[in-house]
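Across the two complexes that follow, chain A remains constant while its partner is chain B and subsequently chain C.
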Partner chain A sequence: MKYIGRLLVYFLGFICIIPVLFVVTGTLMGNTELASVLAPVLAEEGGYAGWHLIPSWPTLKNLIALLLDTPEYYVLFWNSIKVVAAILVGQFIFAVPAAWGMAQSRRKWSGIAFSVYIFCMLLPFQVTMLSQYLVLNSLSMINTHLSLILPLVFSTFPVFIVYQSFLDIPPTVLEAAKIDGAGQFQIFCHIGVPIALQGILAAMVVGFLEYWNMVEQPVVFLQEKRLWTLSVYIPELTVENAGNAFAFSLFSLLPAVVIFIVGKEFLAQGIAIQGTGLEDK
Partner chain B sequence: MKKKDKMLLFALPSMIGTAVFLLIPLLDVFRRSFVQGAEFAFFDNYKTIMGNEAFRLAAGNTIKFEMVCLPLLLLISLLLAVVVYGMENRWIQFLFLVPLALPSNSIAVMWRLLFDSQGIVNGFLSKLGIAQPVDFLESHAAFLVLVGTYVWKNLGYCMLLWIAGLSAIPQNIYEAAKVDGAGSFILFFKITMPNLRKSLYAVTVMSFVNSFKVFREAYLMAGNYPNDSIYLLQHVFNNWFQKLELGKLAAGSVVTALFLCTMLYAMKKLIIGRAERTEPKKAVKKKVIQEREEEAQ
Partner chain C sequence: MEDTEKRERYERDETEETELEETELNETEPEETGMKEPALYDRREQERLYIRQERMHRRRLRRKKLLSGAGRLLVGFAIVIIVCTYLSRFANASLIPVVECKKAGGGTITHTIKTSGTVKETKKIPVYVPSGFRIDSISVEEGSSVKEGDVLLTFDLEQIKEKDEEKRLELNSLYKQRKEAIKAELSVAEIDRQISEVSREKYQYTSLISLEGNVLAKQDMQITDVNVSLGSSSGEDAAFLGSPLSGKYNLMAQVSEEDAAFIQKGDQGMVQTAAAEEGEYFEVKSVSQDQENPFAYNVRMRVPAKKYKIGASVNVTFTRTSGQYDYCVPWSAVRTNAMGTNYILVTRSKDTLLGESITAQMVEVTIQEYNDTDCAVSGSSLSKEMNIIINSDKQVEAGDVVRLKEN
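== the complex of A and B ==
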């Protein structure tokens, strides 16, 4: 029984990483090999597409072509980097102090505000889309990167995560600091932030993966393709372009996978915090 | 009093931003849902969308999607969590998180190759002797692909929420029950399950909220007008948006928000409500503060 369960876990775990293997092998195949295995899909020939688990003639040609010949991907890439970085920096500036204020205050407003924040966190984009559009439009920010950045800077999600880690700060430490004459801002910077650093990083890793993959906002708020982020671009799937499509897919998922590998512990922690945080509400 | 003001100052910039970008406009949308042109129109917008075929199709699909996905995801992720929690080495949990990190556009490219009517999956099926190819993307089977994608993507996330719940159950309860001769079956249903009630709530809420994001894969795979079976709310909203039908859009947002609130409330009542409330909501923070004060003294 025990071993059947484990076998199943290993099997499902393998299924979870199949697309990564798929992208990597596809990128390493030459266009001729891709065309031969995928012709039924790409060129609508008879029969079914197949796959080689190990490329017959591995080559780096697709990757090199992507890096050298496709400046338009760089534009998409830098748009994504710029937007995601701006959101995360903005969240750090606004969300961390907000979480601190709410976690430390003993007054009634903090509880009410925090409940409202949780409610906002649970609203899907489908509900907030029109309202965000109306504000952004009145600020004439539609069709600029600010339309992606600003609403997400004030996302309440990071406040929710960081709040939980501020609750764990031992009060004795804060008392001691006060006695030593530290001001509120000093306490926040020198005691609060370092202790909650894990929670802050957790919020950032979860945030990066989420915003690197933003689709709804660019589709609605951006009209010009030059402003697009990587996440809404789909390469053409044709016989000539197959290798390029694979290389692009790798290019698109690589930053997310790198952040995932570096920050997986924080990601796991961030998810666990969401669970325990919600349980009490 | 001074202290209160200082704490409020920390939170104020973020609160203003949230009010400006979310709360006030939400109220504005609520107002607009009763307006047509420049006139107050009572429930006209609501009547229009309720009679609108696209909206009804999308709302129906969304509800159907939730009813299939949530039980499936909850069950599989719980079983998975129980097995993984019992393993000495839990590195494998990270494998299940990989799909969460993969951008939807890469997934969409892969899915097009895998699930095409002449794609790799159909090729595999035909080798197994299933002769009839399935057109996964352009028939009602698209719904199944979307369900599969959602479960696959959120499995690791839910599993971690369950594991967090499992690790909060004190081991000595199990020890005591084992001494009394309880088998693993009884242990699971009499101890594990009842203690996971709060986790069940968290997992259900987060899975429900995250299920709205499956639009990304649906959109990138099949565009603005996919197969009827995966035409979701976000598709309707996007299409209304392009035609600038703001009245309909406002009413649609309000209906979706009400649906969401009703569902969240129902989940709370059904899952948490019947349990003896271990701790009322506000008491939690009060308790934390009390403990702090005690420690400080």
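== the complex of A and C ==
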């Protein structure tokens, strides 16, 4: 029974990673092989597209072509890095103090403000897109990276997560600090942030994965192709450049995978802390 | 951010260690007091605590190891990406064709047809010499120019003298006959006719003798044909054919059928002899199809006889400039695709991922007129603002990104 359960888990896990496997094997296939398996889809021939989990004629051609012969990939890559890093730094500067304020204030309005925040978090981007566009346009920020960075720096999601982490700090610790003569800022810097660091990092990792993959904002706010981010650009998929597209997808995935491996611990713990925090409430 | 993270982890580890030390110290405490029951309980409890903490410690160490592994992964990834960023830029820059461009503009197409022509006489005049004499020497040959009074040929003087003597004797006998006839009162008309004939012949011989057997030219001319040969006797037919040195000669030049389309009556052709570098212009009198070769055309011009010798070979250049065309491009700009369509490539700036890039765009054209170097083209999508690619250091296809040659 125990083994059956484990097998089931492995099986489901395998199903989950099948798309990634497709991308990896697709990258290793030559264009001829890709053309033959994808012909029903791309060339609109009859029948169903097939797939080889192990490429018949594996080649690194697509990878090399992407890494050494496609400066476009790097333009997009560094654009993505720039935008995501700026957003995360901005969030650290603005979201953490905001969460601290709302978590620590015992006044009535802070509760109301937090409710409004939650409400904002529930609004999907598509709903606020037009108003965001109008504001950015009047600030002449359309077609700049600022149009992606600025709205997300003040995103509500990290505030929400960090707020939960701050709530978990026992009031007694803060009182002790206060008695020892620490000011509000000192308490925030030396007690609040270190204790809630797991939550903050979790918010950052989740944020990275989310902003790395954002599509709507660049498509709506950017006009020049040179400003695009990785997630927006997928080469027009034809039989000729299918290999190129697969390599591109794989390398768009890689940074996210690396960040996930690096931040896996924080993510798990941050979410766990948050979970207990919610239970306590 | 990483620093605070590390420091925090370090601090945590430190506190853990002190905690461990404390538990070890605590372990001995109950034994000293001698309280057995609680000591046993405490020991078990503390052992469990110890094991738990040990396990946590090990887990933290493992995490630390993992984190440093992940950190290394991150740094390695970043280095690879940075290096590849530069490499791909270099590769890209070296693969982009550098092109030379020219603003689209109108012009004319100049056809230059170079051919060689031969000077030919306009009319011939025959030169007769006394017949029946052996020819001792011929002073002229085909193509030589003679002036009035120049020696054309020399007869054997001895033979003339012999014949002259013969005629003298003949004449003497005729005179005798005449005297006798007068005496006999016969008609002398027949004899008189013979006498005048013979004396005319004798006069010819005598005059030849006085010229030492030379035959002189009666007018300036160029000898075109020599019909006598050394050692043989002169005949009744013309010994020489010549062309007068006054008036004009014909200059005949042969051109191909396609070139002939650009030459018509009234055009000017430049004639150059090998010696004279500077050419002279003469009018084209006619352009006609060759009798023998239907693909060749003969162009006839008139040149002054004074300057050109008959039979001389000269270089003839015809230049024909077309009307104004809207678009003229060098041949190197015109390309042909597999379908046989002619097209040119123009530059177009395009918004690409690498910023504003210049790409080659195909514009279909029809060739209107051309010469060896240039081509007049027309096309519905041509415009004066276009920059036409006329040269490139690598093969350029439509859609390729190109770089403009720096001047």
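Following the convention adopted for this analysis, the second predicted complex is superposed on the first by the 242 of 281 C-alpha atoms of A that agree within 3 Å, B and C clash if a C-alpha of one lies under 4 Å from a C-alpha of the other, contacts with A are read in each partner's own complex, and residues count from 1 in each chain.
Rule of thumb we're sticking to: a contact is a pair of C-beta atoms (placed from the backbone, for glycine too) under 8 Å apart; a residue touches a chain by one contact, two chains touch by 3 or more.
Computed from a predicted structure; not experimentally measured.
Judged by the touch definition given at the top, the superposed model places A:Cys16 against chain B, while chain C stays out of reach. In the overlay built on the shared chain, the residue A:Val41 is in contact with chain B alone; chain C does not reach it.
When the shared chain is aligned, chain C comes close enough to touch A:Thr70, but chain B does not. In the superposed pair of complexes, A:Gly181 makes contact with neither chain B nor chain C. Of the two partner chains placed around the shared chain by superposition, chain B and chain C are both touched by A:Tyr233. Comparing chain B with chain C, the partner in contact with more residues of chain A is B. According to the touch criterion, the shared surface of chain A, contacted by chain B in one complex and chain C in the other, consists of residues 233, 259. On the chain A side of its complex with chain C, the touching residues are 67-78, 92, 193-194, 197, 201, 224-226, 228, 233, 254-255, 258-259, 261-262, 265. If you check the complex, the residues on chain B that touch chain A are 4, 6-15, 17-18, 20-26, 28-29, 32, 79-80, 82-84, 86-87, 92-110, 112-114, 116, 118-120, 122-123, 126, 133, 152, 155-157, 160-161, 163-165, 168, 198-199, 201-203, 205-206, 209, 212-213, 215-216, 219-220, 233-234, 237-238, 241, 246, 249-250, 253, 256-257, 260, 264, 279, 281-282, 284-285, 288-289, 292-293, 295-296. Taken together, the chain A residues at the contact with chain B in this complex read 2, 5-6, 8-10, 12-17, 19-20, 22-23, 38, 40-41, 44, 46-51, 94-95, 97-98, 100-102, 104-107, 109-111, 113, 116-117, 120, 122-135, 150-151, 153-154, 156, 159, 167, 170-172, 175, 184, 188, 209, 212-213, 215-216, 219-220, 230-235, 237, 245-246, 248-250, 252-253, 256-257, 259-260, 264, 267-268, 271-272, 274-276, 278-281.
Chain C contributes residues 1, 4-5, 8, 63, 66-67, 70-71, 73-74, 77, 81, 84-85, 87-89, 91-92, 95, 351-356 to its touches with chain A in the complex.
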